Structure formats: structure tokens, C-alpha cells
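As written, the chains take the letters A, B, C, D and E, and residue 1 is the first residue of each chain.
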């Protein structure tokens, strides 16, 4: 037994691994996303409805990945992901529509602007500290963003319409399949960013902030820094997600990015599995897909009961979400070979 | 159309109704009116297309009062269900979300949104619904005509309809140089419960001689709350309240009782509810009244919004029959510019999807505590207005 | 002399893990009985079961001649059974005074102000700091508050889990004296502690808890040798 | 004159916030349950009352009693059936769990109300109080407004007494701070929490009746009040009854004056901005180890005067 | 050369004066005990030295550098490490992860060897016994040059105490140590110097022997039992 443990320890050689990024794990996460995404591509061909749904799934998966970074690792209950997303979306739509900036530049700018605002939010949230106060302050911020956009002439209550489809240099992603492939690349990059974060010292330290700040400080780390990084990177992804939303749908309206949307992103993140790299994808598939299934079975009338009931059930029986629960079940079985995709 | 040609196949028509969320009340009415219409049509054999009559099949989706859901419903109706028309889509932002899909897939869609933003020439978004700007027109006429009312205070919602209203006021009084003036007394949110502070402000303005009447822009249930409250505070005793559709078309005018005293409101569909009043009856064509009598036989709601939805369906049917086709583009061609008679009266729709429909400005009074029509200061055709400043003058 | 508390053939487990096997204990009225034993031996668990916080698998616990199995902690406290848990657990955001008032909720017939006077007499610092929030007190001060919470309900039997943890030697002496005092005033005391020196000093009888089993070491005068023997055997 | 009237308007608006926030104070402020379904309980009370009085024809006092019992019972079912299973989760898991579960419940309830009673806004007369009015110093208020004002003050007074001067209140605070220790110290944890939740729910039910009587009854009648209630409870200082009451009225009065003088879109935006500033300020003023804003400010002031002396 | 110089340190909370002009010096490589009644200000002193609390007045110099207002996470990097009175480790991380997180220069494996943690390197923090937790928290603090240990012996049983003494002795070979302790015997065994803190003030400083002989210290603080 003890010999076993010792060799196990030597194999893991944690002391050396800790500070760097576990690139192999990251590569697996990214690879799986891309692979499964490509396998789903035939469904998207033509202008099929399921393809349209798939686009929505991917966009929400990107946004929820960003939100998951804030919720899952530092456990900060920031309640304004929708505001960050629309900031990214509006920035990018205006840059393209008004200034004729190339799409990729506009998208990244949208992300960056959201990240800068995210920085202010992170700063405030860290200063405020108490979780309920953070919830309310960020909710208030979201309302302010809503008021500002609805009253700003460039946006207004009816938002920005006629937002052109995404482009990359000479490529224009016009058909559903083209858009899907482009979105898949963006999702893969997002998952990569989250995976790198998860599998690095920074990620570990960010988790540690939610557990015991005093202890973390006593061993020489500044918890604020790690919370800050998580929120800013999360905001970046949310901003990019907002840009994808605006350009794929051709439209972005402030009314669509208020508390409802925030709650939707929260539900995606939690149902999928907080602090799991792929949780947001699973959550987005379930929550964007479920209404379609409900429709297919002609249960539209029952939808509030089905969604509401599902939330209660997930909370009661799968507190770590679908993916978190799955990992736990696999862990408990002790079958490590299954963990390759974690 | 999966059944192929001939008389056997059904005609598929879509509907996007808010069955839950903030606009659910309208969704509920729409569903009932559309179902009653469908049953009536099918009982009579169906819609006649190119020599054969075909049964109507309705595919309805809930838009949850949300734009994203409205959009995916439209996409589904256009691509999966392959409907010939969409009988209803709600809210202005909802219409904006639905418009690109309707246009791309060439599915004529009736909307109950009020925004001019979907009114580009050639659009597939059509309406028999009054836009915000049309809404205030008769009231402004009244200001023009009346000696007592020179300056009005305006209370408007936050959001695009309120913006449109204030822009119209600005254009009417300041740019076009109509007599009188307006004063912005504040914006409130649709979900507002309490109007006391606005009422205080209006009273103050009235007492200072700054305004002679109050124009309130809002819709249905908020208007109902507003009227009830201004009545409790005795505002109606001092000055008239001017308003658009919201003041007359909400759920049940009777509920508000005495509060309707001294209210001027635009009646379009509401006129039918007051058809037994002589002054009102004069504004409604005989043909419309006959159709309304038939409507009353149906198991459909006696509510102005339901009348409007029913009229949409009527026009859709005529459009399909006129076109002799279930192809969206042809139906649209048939709809534009043709004069149809519906239960709300004769109406046309222009190339921008905007209607010209009959309406009246109703001044309410009360009999005991039931509201009655006092007089009808204005009636006639409401012209299509698609932008601010309005392109068309009355 | 009657036994105020008896524990009969009690078994307790956490999930599948049995942490107390067949424990038997009697605490005669008016005496000080202590349980010593290493970390994780099960002392806390035993006190938890007596207080009603933890359920037993089998066996019986009698207090004042009646079985209390199945009774909730608040019912047992009302019968006069106080419990001071380990590691100075107090309500962190309550003030000292609120902590004491909370402790008195389940005790239906005590003279509140007299009891407060008594504990303030014992720990003057608590009297000075009545409106200080408990979490801002020093570790030792919190321990004093925890002990005071047990005493204010004027119990018939009071159980202390590691009462001297984190207390300065001088205060430990005070606690020792207090235990003797309350014992003399007729209150029965059950102490669980690793500090054998302390236990030796205060106890009339002693038990040793070792690897989930409870062994009786004897009365004052006997248990010193018995303990030494066991320590020599087990820990050598 | 206008000032007085605006003040009265503010107090009325504040009473409505306070009315809703009072019942929320015990559930969210004291028990730490961010119950997103609270607005549904609020509307539920009004629907039960509507069913009992208007549709069934019972006299209004009976209607109130029925509403209290029905919503209290509903609260009991929620507490036992759902919340009780979540209490031993870690803090952030608990917050997520409660928020999500109650969001789910809110949807279910709203839908159920709509299916049973329809979406149409309902007028809910309450003992003819809407029409009675009082005039004094040139200000008019309806009897109902006066009742709502009195009721909201009374609610807070009652809560203050329950939380600070009863064993239930003390036990409640103990449970929230350390559930296991509270049980160990003899607090009847299950019963205390149940009582408090039922109390909060019933209060929400009655508040709903009053709100429906003042305005109109719809399934989502309370949803715009919910966020205000969060603000009020947190501004007042979690768990502080007097703070919540003051915050409720302050918010109402602020809005009344803002409508009069700001006359812009920005009333709510400024309100939220002030809120954020308040939190930041509080975070700056309170340094480590302190949790009482009043004391901290007093401390700062004392420090200043000592330096200048 | 002095590794730590504390001069006239003051800190109060509201009206409570926790530290009242505390002055002392620690020599490099020594082991020092702080004893004193409950509420004397011992933990607060640690908090002020590390920068967890910023003192109201006075200075703290570490290695000749003024660190009075340097926040704790920076002083930790400079070499001032502490344990907490409430034993803290990261519950969700394994022992090995805990320790590698805290080690910048030292070799985590060596540290685990020293504190006998190799066997349990794979256990998560939440699964540890008190003694194991104490050892891990000691390991977390071991990176520094100056280790501030807050009641590391409390709650340990008579067999564990000697082991803990060995661990601290081993660390003391390389580090300067300052420990708060209520167990006089253990404290005096380990310490080169003893400081008595009472009501926020340094009452006495000296060798353990001197302390034992001091009437006042014995009477007011140590009592007769502990010896």
C-alpha cells in the first residue's frame, strides 16, 4: 500500500507541475470540444431549424463559459453577465456598422471593452466583499447599462438591427453551416481559455480564494489579483459572446439583455456544472434544446412547469450540475481511466 | 404544403403569441380569437385557393414575451412548419426580431408591434394595428380644434413608444407650428404601480396654468391603473385626460367605472363595443357591423384586441384568396394596396406594411358609475404613418 | 448514590464507520466524571449522543432515571442537561449578551438575571464586553463565553468537551476551581479532555476512551495508576 | 404645499416598497433565504383573497384569513419540501441552490395563477377602502393608502418585536449563524425556521391583498417589487428591521422627489448608481473586523476629532 | 543581527486597546515564546507583524526593512509566515497541493518528508485529523525565515505533543520562530526567550528560567499547576 502511494506520488510529481499549465489536459478539453462540434456539423447543413438552434447553443455556450469563470472559480456572485455581453455586442456592432471596422477587430474590441468594464466590476465586487451586496450592486449595474443603452441614440430601446454577418478577412460567414463552423472555432478558443485557466496555478489559486482568503494571503498570494483575473477574463468571453450574438442574429436589443438573460446564463452554468470546463456547453444544449423538445411533444403550455420543475430537481439532486454530478459519480466508482476527459 | 397540390392539402398558418410573460394577456386573447376564426373557416369548408377549398391548420408558438423566443418561433414556422403566413407577432422589439426572418423567407407576418422600424418598403411585416404616432393624432386634432385646451402636459412610458410620442409632440407643436404647446411631465416604466407623483406634478402644472389637459401615452393595464388613480385623486374633475388606444381598448372599460369621466381616447376596435351608441354607430360602416354580428355568434372574446386579431385573420384569408396561392410573395402582393372590408371597417395596407384604418376619438362620460360615450369629436380614416416626423398629415 | 446519567451498551456510527462500540458509562449525582483519550477516539461523539445532537444506533441513555433516547437537544436541555462543545463554538455575529440569552432559550425555569450575575462573577471580562461581537473576541475569551453559555441554564448535569483548550494557565486554574465549586453546589459534571493532568485534578471518576471503546479506570485514587498502565501499554 | 404632497406621495410609494420588503426582511434579511418566489407568494395571497371574496362571495375579513392560512401553508410546504433540504450546503452552493430553485418555483406559480385565474388584470375591492378618502392640509389620501401606510409600519414594528424580543427571533439568528451549534444549544431548529418562514409567507400574502386592492391583480404583480425589496433589505443592513423600514420609505420619497425635480429617464439609473456608491463607500469605511457602519463612521469621526484636538 | 524589531506598536478596535506600545526584538535563529493571559493581544500582535492588520501606530522592521504597512501577502513573500489559531489548510486541495502552493524556494517534498506527510500526501485537506492539519499548516508556514506560530500545541494529546516538539525543533535549526503558547511546559522547553504580554503591553522578557523565578509572572499568569 505505502509503496504504491509513494510511486504514485513520484509519478504525479506535483511539486513540479503545480506552477505551470497542464497543457495535455488543456489539449484534451479543446480537442473534445472541436471533435464533437465537428461531428454535429452535418446537422447544421442547409438552413435547417436544428442548425439554427445549434448556433444559439454555441453562442450561449461561449457566454456561459465566461460567466462560469466568474461564478465557478472565485465564487463571485456577479449578476450582470448580460450587461457585459451586450456591451461587447453593441461595441462590435457599432464598430462594424458605423466605422466599417473589420469584424474580427470589432469582435476583439467588443471583448476588450467588456473586459475593461469587467475590470471595474471586479474591482467593485472585491471591495464590496459581501456576496448579497455584490449580487445587488451588479444587478444595479445591469439596470444602469440597460437605461443607458435604451436612452442612447445609437442604440435605443429597439436596439441595433441590420448588423452584418461575421467575416474573417475575405471570408464571410453567411450560411448557417459557415456560421456554425466559425462559432465552433470561437467556442473552442473559449473552452481553451477556460481550460488553461482551470489547469494552471492561477486557476488553483482562484479556487483557493473562495475557500480561505486569509490563509492564501498568509502564504504570499493576493486573492484580489486572482478574483480580478477571473472576472476580467470572464468578461472578455462574455463580450465576445455578445458580439457573436449580435452578428449572427443581425440584431441586438437592450431589452433582451436584462435580468432574464442573466438568469438564463446562470441557469445554463449551474445546470451544466459550475466550475467544469465543459459544463456551459452541456447546460446550453439542455436549456436551449429543452424548449424545442417540449415543443416537439406539443407541451408548449407546460413549459414553465417543465423548466421550473427541472430547476428544482437539479438543485435538489444534482447540486454540482449535470457534468459535475457525472464526474463525481465517475470519481466515486474509482475508475480513473474515465477521467481522461475531465 | 407537404400534402402536395390539389384540394386535399391544408393551408398552414402560423401564430407567435405571448402565452406567458408580461404580454401573456394579449396572447391569451389572440389564441382564442384565432381558434374561433379557424373553426369558423373550416366549418365553411376552408379557404378557397385557385378553385379548391382547403382546410386551415394553425401552428402556434409561445414567444414568452421575449424577442429571442419570438425569433426562434418565426424561424421554426418559416423553415420547419413551412407556413404560408404568420397571423400574429407581438411587441415592437419582437417585430424587429421577427422581421428579418419574415423577409428572408418571404412569410407575410401580421404584427402588433408599433415601431416604424420594420416598415421598409417591400417588407413582409404588415399590420392593422395603430402605430404610436397614429395613436396621438386624433388627440392632437382635438387640441387644435378646442379653445379650452391650448397646452398639454405629457406623461409617457420609458422606451421607444414614449420616445416616439415625445418626438411627435415636438414636431407637432414646435416644428410644424401648430397652436399650443406641450410640457414633458415625466416618463414612467410600464410596470409602474403608483402614479401619485406624476399626478401631483400634473396638478401643480395645471394649477400654475401651465397646462389645460394631460396626454398620457401608455398601454392597457398601465393606463387602467393610471385612470383609476387619477380618478381617486380627483384629477378628472379639473382637467381632461387625452390618450390613444390604451385609454379605450383595455380589458374592460366598465371596470374603470367613473374614472372614464372626462377622458378622450382613440377608439379603433373599441368602437365595436359601443356600437349601440348612436354617435359611435355612425362611424362604423354597415358591412363592418354585419361582420361584427357574425363575430358575436362565435366563441370568441368580446375584447377589442381580439377584434383586431380577428380582423388580421380576415385580411389574411382575403389575401390568400385574392392571390390564389399559398406562396408568401404572392400573398403579399395581393395584400398590398387592396381595400378589404373587415369587422373593424375598410382597411388598406401599403407597401411598407402600414394600415389606413377607420377610427374615432371618443369623449367618455359616465352614467352612474358606468362609462358611456359622451360625444365623438373626431372620426374618419387613420392614415398610415410610418415615421417621425410623420410623412402624412391628416 | 444514584446515577444521574447512565449510558448503556451504546453503539454509534457515522455512515458505515462505527465510532463508538458498546459504551457503558455512569455518572453519579454530584460527582465529576471525566473521559480521557486520544484524538479521534470518540469522546466528542459520545457527548454528542448524550446531548441529543447525534443519534445512537442501539443502546440506551438515561438521564435522571428516564430514557432520553429520541429526545431533541432542546428537550434534554430543558431537563437540565447542559453541553459545552469543543473549540469555543459561539454564535459569531451575536454579542456576548445575545449569546448568553440564546443559550437560555430552552431552559424554561431559570432566574435569568441571577444566572447572568453568576457567570459574570466567574468571568468578569464577559461582563465588561457584553456588547462585543463574539467573533472579535480572543480565542480564550470565546472559550469563556462558551463555558458561560453552559452554566447560565443552571443545569443538573453539565458536559464539557475540552474545556481548557486555548485557555491561559491561570484561567485553567480558575476553571478547575469552578468545576469543583459547581460540583459542590450539587451540579454533576462530565468532562472530556485530553489533558490528563487537568482531568486527574478535577475528577472523582475517570474513563478512558480508546479506539471506539470506553474503559472505566476507577475512582479518585485508583485511576492514576490504571491510566499510567494503559498509557504504557498502548502508547509505548 | 407641493412639497408636502410629494412627501406624502413618497410615503405612499415607500409604504408599498416597505409592505413588500417587510415580509422579505424576515425571509431574506434574517433567514438568509433569497427567495425569488416571494413575489409569487405575494400575488398568491391576492388571488386567494380574490377567489374567496369576489368569486366565492365570502366577506373580506374571512378572505384575509383564508389568504393568510393558504399562503402560510404554501410557505410551510416550500420550507419543508425544498429549502430544508438545502440548509447544509456550503454558502455559495446554498445561494445558487436557493436562487435557482425559487426561480423555478416562481415560474411554476406564475403559470399556475395565470392558468387558473387568467392573465387579465383584476380589480380587487377591499371593504370599499379605495373610494374613501381623507383631506388634510390640502393633501388627499385614500383610506386604503392610509391603511397600507399603517399596516407597513405595523408590520415592521411586529417584526422588530419578533426578531429582537422573542425567543423565536433570537433562535432564528442563532440558526442562521451556526445551525449545528444552535441545535446543540437547544434551539428547536426545524420548528423555528418553519414558523419564521410561514410568518414571512403569510405577511407576503396579506401585503399582496393590499397591493392588489391599491392597483390591480396580475400574476406578475410583485416581480418589479422584488428587486426593490432586495435593495431595501440590503441597504437597511441584512437582518436589521429598522434599517429596512427606513430604506423602504427613503426609496419611495427619493423617487417621488426625483419625479418632481429630475423629470428624466435617469430616476432609476441614478437610484442604482447611488446604491452602488453606497456599497463602495461602506466597503471603504468599514475596515477589517468591523461590521457596524454606524459604529465605524462614529469611530472615524472620533479619530478625526482626536487628531485635531 | 536582529531579524525583527517591533517598536511602540499600538492597535485598538473601537474602544478596546489590544496592543499598547509593544516593543521587542528577535534575534535571528532563536526560538521565542509569547505567553500571556487570554485577550492579552498575542494574536493581534501576530496580525500586526504580518500586515494582516495595519497597526494604529509604531513600527515593525523585518531584516532591517520597515514592513509596518506592508500587506500580509507581501510580508509572506518577504519571509514572514504565520499559522492561524484556528487551524487552517485548503480543504479542497490535497496535502501535496497545499504544500506546493506555499513553497516558492523550498522543496515541498523535503518539507513533507520532514513533517511526515509523505504518507498522506494524497489526502484532501477536509479528510485530515487535527494533528495532520496542524502539520500541514506548519508546512504552509515553513517557507519563511520568521515563523509565527499561534498555539500550535493546543488540542494535541500527550503523545502527539512530543512529536510536534520534534518538528518544531527541526524547523528551528533553520528558522527564527516565535510561538504563542498556553502550555507553559512546552513553551519553556522550546524557547530561548520568553515574552509575557498582558493587556497589550510587554510585562517581562527573559529566559524561561528567569520567568519561572519571577514572582509576579508566576502569580498572575502561570499559576502553580503548570509547573
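Just so we're on the same page, a contact is a pair of C-beta atoms (placed from the backbone, for glycine too) under 8 Å apart; a residue touches a chain by one contact, two chains touch by 3 or more.
Remember, predicted model here, so these are calculated numbers, not experimental data.
S.K.: Minimal path length between subunit B and subunit C through chains that touch?
M.R.: Shortest path length, in steps: 2.
S.K.: Would you mind checking which chain's mean C-alpha position lies nearest the centre of all protein C-alpha atoms?
M.R.: That would be chain D.
S.K.: Please work out which of B-D and A-D is bridged by more C-beta pairs in contact, and write that pair.
M.R.: It is A-D, judged by the count of C-beta pairs in contact.
S.K.: Could you work out how far the Cα centre of subunit A sits from that of subunit D, in whole Å?
M.R.: That gives a centre separation of 33 Å.
S.K.: Report, in whole Å, the distance between the mean C-alpha point of subunit C and the mean C-alpha point of subunit D.
M.R.: It comes to 42 Å between the two C-alpha centres.
S.K.: Could you grab the centroid distance between subunit D and subunit E? Build each centroid from C-alpha atoms only and quote it in angstrom.
M.R.: 48
S.K.: Rounded to the nearest whole Å, what is the centre-to-centre distance of subunit C and subunit E, using the mean of the C-alpha atoms as each centre?
M.R.: Their C-alpha centroids are separated by 30 Å.
S.K.: Would you please write down the residue numbers of subunit C that are in contact with two or more other chains?
M.R.: Correct list: 136.
S.K.: In subunit A, what residues contact two or more other chains?
M.R.: 150, 304
S.K.: Would you give the residues of subunit B that are in contact with at least 2 other chains, written as numbers and ranges?
M.R.: Each of 20, 158 in subunit B touches at least two other chains.
S.K.: Which residues of subunit A touch subunit E once you look at their complex with the stated criterion?
M.R.: So the residues of subunit A touching subunit E come out as 2, 5-6, 8-9, 12, 14-15, 18, 201, 204-205, 207-208, 211-212, 214-223.
S.K.: Inside the complex, what are the residues of subunit D that reach subunit B?
M.R.: Those in contact with subunit B are residues 2, 5-6, 8-10, 12-13, 16, 110-111, 114, 118-121, 123, 130-131, 133, 140, 142, 211, 214-216, 218-220, 223-225, 255-256, 259-260, 263-265, 268.
S.K.: Over in the complex, which subunit D residues touch subunit A? Could you list them?
M.R.: Residues 34, 82, 85-86, 89, 91-93, 95-97, 99-101, 103-108, 110-111, 227, 230-231, 234, 238, 265-266, 268-269, 272-273, 275-276, 279-280, 282-284.
S.K.: Can you list the residues on subunit B that touch subunit D in the complex?
M.R.: The contact residues of subunit B facing subunit D are 20, 22, 24-25, 27-28, 158, 184-187, 189, 191, 193-194, 196-198, 200-201, 203-204, 221, 224-225, 228, 232-234, 251, 255.
S.K.: For a test of understanding, state which residues of subunit C touch subunit E in their complex under the given definition.
M.R.: Result: residues 37-40, 87, 125, 129, 132, 136-141, 143-144, 162, 165-173, 176, 194, 196-197, 201, 231, 235 of subunit C touch subunit E.
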